[in-house]
């Protein structure tokens, strides 16, 4: 009988979901999760990073379910993440132990350990490649054989998750660019801070924040949002001028304490490796010394994301340093931790924007009532 | 005549430093600072142990060049900044027995609302520029718990009237007003709760001379009518001469001279004061 | 759905939410921060309420979900569907039958009892947000009980329009201490918060806050002595279906004649009146 504008909710929803399913399959094409996992590396990395869950296979499944819509796929994975109990915290990871795939420094040309360009879009022209239309599995196999003949490792194994054992890989320590600078006295010495980091998934973020809470919020931020704010910070709405000291992409081994004997380093259990992008940006800062003397020191902005997310990791390092700067005379929005941290989350931002689609009949009616009363009052007023 | 009387406000040994301090400057009495600045740790001592008294119904002037610490003193007294050391007692608050700097933030808000009022040099600090003028005056009444719109509007109109804001403009926002009018709205707001103490920080600086005279007149009239005790801070000895009964001269965070205003103008002791007085003549 | 625990969350998560809830009940009107989880429905679509509901549900509970007064609204149906999938417990549309009622922006017309819990979904829990964007500062204003800014906002409305012009979500003072956002319920429903027999819980998922009005708590809508709080005016109007008056109405327009007519916003109340199930 239609006496409420949106009525018959159950059947409407059912039809809507059917419609959605139809949209997904109407082209009569099917994509397998393993195909997604083996081909859509960029999308998987983005979604793992934003959903804060390192699981390539589940990310691929979410992408399939979401028809490739990253906003939706991240959402699905985050919701799934909510159902998982937190059983362990990993041991502290030292990123010097990274099995490096790629490593560059924009600050210094010659770095011990060398620059490793690795896989990057940076120097490939963005020309639409029409030959990919014709790509066949035989072509791939042939190409792969050539690569392997040159001594390339089997990338398939890596893509299907870190199944190999540690012993097969060499996590040789490659020293950090910033440790050279530190040794030279160009970076101020840092105090080792061994206090327990915050866990923003167990306790909601509180202001003023600690750095651990900021970094966790930034790393799960939506790539576009983090990039946009980082961009604003260096373009004119922030007070930072960074140089990428070092950008690394590679694999980190993850260990947990042996469950029955916590704190014993030797009995650690290896549970796998994760691919991450790490950025250490150098940001010059004027330090006041005695008798009005001024000196420039570098501070380090830090970025770390799951997967290969280089732009996001750099932007994160910029925002990290923006938020560390206190007491600016004229701070802009990118230095305001509430402004940055509360608005970059993909699920929160898209959720609240999309809630505007919900009916607001009651609230709108109440507003109308107020509006009419003021109108009536004003009319009366005028007639007097 | 002042000596027999209990002061309405008493400040003891107030220190405000910016910086951590070090072994060189730890003891201020050793006078190891360059002006108000410690050359070893770069700490600035904006106020180096100020003590003063304010008596009922008087206007106390504080004069000094910029950087002498007079505005920092006012901000500390009004809790806009936290003091490093020292105490202050107000007769009207807990019978003058409680150090107001050690009160919790709720009590400090009470003191700011009920016992003291401040008129800032920059009206943006004292007013909500896009709210109505009448609302700006009412804000202090609201903060002190008043919930009667009719009382608040009549009180606010009366005060805005007193400071010569035309009644047809009292619902306008101060952002539409000239600088002199904005200062007058600030004064009306400050008076709303009949505070026993009014703090005025460079209120005429930056105004045209004729407007300045208007505002000074207004302050003098209010003092005569309402008998409010005032501390007025200015770098301009002419302003102090016109308003203050007693005057304190500050330099580098310290009081270098104080006395009746006439006395200081007639017979300045400290070389800096002498220079000030000469430049006035 | 074997892949999921009863009521979606793992038991540890539920306990955490309940701990925050207990704290909220102990400090009426105070917003307790909690580690809000991402839910399978979107932030802003009732995830705060849903987390509260899921953390409280047991096998014997009977749940009712309404959205803007309507049990059949798509979002209400969607939430109910999810609860059912994750718990399999009974649902109802009758206010009196439910043990837990999750609602967006309405309090049912039928008076709630002491053995019922009302869970309200909250988009913006901070009543001071409109006058102060920073969370750091609003927390301090609450601590100092410094609410002049919000009163000033109401005063300014009176100066401009000669009345308060709040729509839904008119702020309330709870237990003489905290000013609280009642969630965007119409002003008409504010009165039902006062001395409610039922426990009222409010959950904001995106803003990660839980707060509560325990049973029989004093709740006053902010208003000046000489400008009293006014609810929406429905005087002289009756429901064109059940004939009810003095309830919150939806305003409808007859497509042919263009006339306005009215109908109970609480659809289950209307239906029960039509079926003469209410006394």
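Labels for the chains are A, B and C, by order of writing; each one numbers its residues from 1.
Rule of thumb we're sticking to: a contact is a pair of C-beta atoms (placed from the backbone, for glycine too) under 8 Å apart; a residue touches a chain by one contact, two chains touch by 3 or more.
Given the structure is predicted, the values throughout are model-derived calculations rather than measurements.
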| field | Shared chain contacts [chain A and chain B, defined touch] | value | C
| note | Looking at Cα centroids only, farthest away from chain B lies chain A
| request: Please compute the C-alpha centroid of chain A, do the same for chain B, then give the distance between them in whole Å. | output: 51
| request: Calculate how many whole Å lie between the centre of chain A and the centre of chain C, each centre taken as the average of the chain's C-alpha atoms. | output: 35
| note | Expressed in whole Å, how far the mean CA point of chain B lies from that of chain C is 47
| request: Sort out for me which residues of chain C touch chain A in the complex. | output: 4-5, 8-10, 12-13, 16, 33-40, 42-45, 47, 67-70, 72-78, 81, 104-106, 123, 133-136, 139, 161-163, 165-169, 184-188, 206, 208, 232-233, 241, 248-252, 263, 265, 267
| message | Can you tell me which positions in chain C touch chain B when the two form their complex? | response | 140, 143-146, 148, 151-152, 155-156, 158-160, 224-227
| request: Please name which positions on chain A make contact with chain C in the complex. | output: 3-4, 6-10, 12-13, 75-76, 78-79, 81-86, 200-208, 338, 342, 347-348, 350-355, 358-371, 373-374, 377-378, 381
| said: For the complex, give me every residue of chain B touching chain C. | reply: 105-106, 109, 128, 131-132, 134-135, 138-139, 142-143, 147-150, 152-153, 171
